[in-house]
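Structures follow.
You will see subunit A twice below: alongside subunit B first, and alongside subunit C after that.
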Partner chain A sequence: MRRIVSVFSAIFAISAGILVLLGYFVRIDPLPQVRDLLIDWTVIIAGAAVFVGILNLIMVHMEKIRTRQKGAGYGALLVISLFFTAVYGVVFGPEDPLMRLSVDAVIIPVEGTLMALLAVTLIYASIRLLRRRVDIASVIFLAVALAFLIAVVLIPIIPVSNSFLQFLAMFSRGGARGLLIGIALGTLLTGLRVLFGADRPYGGN
Partner chain B sequence: MIDWIGLGLLALAAFLLLLFIFLRRKTPAVVRRIEAYERLNRAVGLAVEKGTRLHISLGRGNLFTARGGSALAGLALLRRIVERTSVSDRPPIATSGDPTLAILSQDTMLSGYRAAGAEEQYRFTTGRLTGLAPFSYAAGTMPIAHDENVSASVVMGDLGAEAALVAESADREDNSLIAASDNLSAQAIFYASAQDPLIGEELFAGGAYTGAGPSHDASLNVQDILRWLVIVAILAGSVLKLIGMI
Partner chain C sequence: MNIELISAIVGFTLTLLVFSYLFGDNPLFRFAVYLFIGVSSGYAAAVIWHYVLMPKLITPLMNDPNRNILLIVPLVLSFSLLAKLLPRISWLGAFAMAILVGVGAAAAVGGALLGTLIPQAQASIDAFGLGGASNPFAKLGEAVVMLAGTVLTLAAFHFGAKRAPDGTPKRNVLVEWVAWFGRLFIAITFGVLFAGVYLAALVAMIERLGSIIQFILQLIGS
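And then the complex of A and B:
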């Protein structure tokens, strides 16, 4: 039975992938329509996946509480908060003042704090870079980062010629494009592997 | 209407991939040394010996967008890691910030255990969704390095600036960090945070360096050929522009 499911899921995934891909390149009826229909189905499945994901989150924390693992208290807090927020949101809707307060007074400040923490973390990581890897590339990396920070502060104060800025941007743009081309090629080949069934992240490989 | 150029490039890549898969079945590829993957192979062995865990962060790459490629590369690596650590008492943990990716990570782990003949080792709680927003994902992922007896963290997928928090949590616990992303901000962060950073397309080489099979070796060969084609096209374009033909 498992073998049949595995073969069926592979056939369905590969044929759906080929049809969607062809729909992008061959705009002759009915391929674009088939592509749109398959994408619509995918969006519905992705919506259902959010519920499965949240269920998984609850199960992981319930398991933590049941087996009294480290951080089980935080897990309990998460499950209780999730339950009350979800019930309140379903009953009173997302526009309710208390519901909005839970977003404005809890979630946004917490994310803001993490963002502030991020700045400190990045400075700390940069300082430790020279301790971890002392090579020419690390020195150039830090020098460029420092030069960029100084430029960001000074450019509004000291007028710098536009052509000089464009000259500097040429290097960063070139480097970024080089990296992105490499990533695009990698993505293409990874997609093709999935399309050929060589990689099957949907199971049964 | 048919986009012949796009379709032609795709057909060329597909043909080359199939050709190299056939060739690599007979002669495995010789690949250059990448220190981060050497470290990963050592970390996998050490985790099994010491009875510690590996933590694989797959990022927030939505599979329905262009960012899904890095997530798929992360899943391929996860599969290999699961197979190789299937004898360990402590199974690896996979975290993601996208629900579809979380489901696929569970399925990938189950497949890995099945392939290793250790299906009973699989626990569905080891494939986790830790948060849906960038910072909630980071907040949910950070405690794992501290709480779950992790000795090495693999961060592979689409992450933004929040990657710094994930990397820092691994560093604080003195874990090995093997990190790569398709996002330029995250790459810069990993360059500063990881012992041996993976740059650009090295993200997609994980399968080939962990022995995931001929299709991964073939991918590297085809990437090299396509990269040369892109270089030739850029140079030809520059020359044609210079002489005023385009």
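And then the complex of A and C:
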């Protein structure tokens, strides 16, 4: 049975992938329509997958509470807040004033404050980097970051610092383009491995 | 008590709880973070229900089942994903996962090719177009530096190596040098990115501290 599932799931993945890819590059009916249909189905399945993920989160924390593991109290808080927000949101919709309250009072302040903590954490990380690894790359990295920050602050006082930023951008744009192309090549390779069935991360072994 | 005041009090309290992390990991910080994960997961569930599952699956099936009969396929596949929660029948969810991965891989391949590789290569070529440039030499220099940065950065990730007489893998000397310069470009790029992220974090900190001060002033004022 496991073998049959493995073979059929691979056939599903490869055929769906190839049809979508053909829909992108071959503009002959009905390939674009099939591509759109498959993408629509995938969006629905991905939405359901998020629900399953949330259910799994609840189950993991319920198990924590049941076995009275360390941090079970926080787990209970998570499950209760998740349950009430999800049920209320599903019934009344995300635009309901109480749902907006959950966004304005909980999500935005916590997200913003976590982002603010990043400012402190990044400073700490830079100091640690200089302590643990002093080589040309890390020195250039920190020097550029510092120079960039100083130049940004000085723009209103010394307008010429804007030229320095543009000079820096010339180098960083080249590097960023190289990184982007590298990421795209990696994505392309990984995607093609899945489409050729060399990688089967869906349980097809 | 109006809804804005409740929102301000809760937001103020949670901001202080999260800032308590500056003194190290503590129960107050964990309380805020677990509450945040719970509420944001619940909110995500509500958004997906109302903006994805209802309009794309449930409403069309309820309103016109004969015309939308094909939607039975994603419906069945979506339900099959629930099997992933039970290890003994988790294989039932493999088909839905296969569709997700297959279509995702194809979209990624198409996106990488049409959205990144071709436009970035085109932009590298276009940078050498000197027509209309006020200072052609400066523009040419900029294009050369950017092209060198792109090529050297890519070369930094070339890990092909031959086996040395002592058995250890060794990169070609030329590649080693090129990769070294590539690492310098990467360091500059990450330095600029780091500064950008730091600025964003700083803006967030100013906004949060501003909201705390604003809240206290409002309390004093009222």
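Throughout what follows, the second predicted complex is superposed on the first by the 193 of 205 C-alpha atoms of A that agree within 3 Å, B and C clash if a C-alpha of one lies under 4 Å from a C-alpha of the other, contacts with A are read in each partner's own complex, and residues count from 1 in each chain.
Here, contacts are C-beta pairs under 8 Å (C-beta built on N, C-alpha and C of every residue); 3 or more make two chains touch, one makes a residue touch a chain.
Note that the structure is predicted; figures quoted are calculated from it, not measured.
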item: Touching partner for A:R173 - first (subunit B), second (subunit C), both, neither; value: second
item: First (subunit B), second (subunit C), both or neither touched by A:L114; value: both
item: Contacts of A:F141 with subunit B and subunit C, given as first, second, both or neither; value: both
item: A:L188 touches, of subunit B and subunit C: first, second, both or neither?; value: both
item: Partner chain in contact with A:E63 - subunit B first, subunit C second, else both or neither; value: first
item: First, second, both or neither for A:V50, with subunit B first and subunit C second; value: both
item: Which superposed partner A:L31 touches (first subunit B, second subunit C, both, neither); value: neither
item: Per-residue touch tally on subunit A - higher for subunit B or for subunit C; value: C
item: Contacts of A:W41 with subunit B and subunit C, given as first, second, both or neither; value: second
item: Subunit B versus subunit C as contact partner of A:L129, first or second or both or neither; value: first
item: Doubly contacted subunit A residues - partners subunit C and subunit B; value: 21, 24-25, 39, 42-43, 45-46, 49-50, 52, 54, 56-57, 59, 71, 74, 107, 110-111, 114-115, 117-118, 122, 126, 141, 176, 178-183, 185, 187-188, 190-192, 194-195, 201-204
item: Subunit A residues touching subunit B - in the complex, by the definition given at the top; value: 21, 24-28, 39, 42-43, 45-46, 49-50, 52-54, 56-57, 59-60, 63, 69-71, 74, 107, 110-111, 114-115, 117-118, 121-122, 124-126, 128-129, 132-133, 141, 176, 178-183, 185-196, 198-205
item: Complex contact set, residues of subunit C against subunit A; value: 3, 6-8, 10-12, 14-15, 18-19, 21-22, 30-53, 56-57, 70-71, 73-75, 77-79, 81-82, 84-85, 90-91, 93-117, 120-121, 123-124, 142, 145-154, 156-157, 182-202, 204-205, 207-209, 211
item: Residues of subunit A touching subunit C in the complex; value: 1-2, 5-6, 8-10, 12-21, 24-25, 37-52, 54-57, 59, 71, 74-75, 77-90, 93-94, 97, 99, 101-120, 122, 126, 136-138, 140-146, 148-149, 152, 168-185, 187-188, 190-192, 194-195, 201-204
item: Complex interface listing, subunit B residues touching subunit A; value: 1-3, 6-7, 10, 13-14, 17-18, 21, 62, 64, 66, 68-70, 72-73, 75-76, 79, 98-100, 102-104, 106-108, 110-111, 115, 124-125, 127-130, 132-133, 135-136, 138-140, 143, 146-147, 161-162, 164-165, 167-168, 171, 182, 184, 187, 189, 191-193, 195, 199-201, 203-204, 207, 213, 215-216, 219, 222-223, 226-227, 230
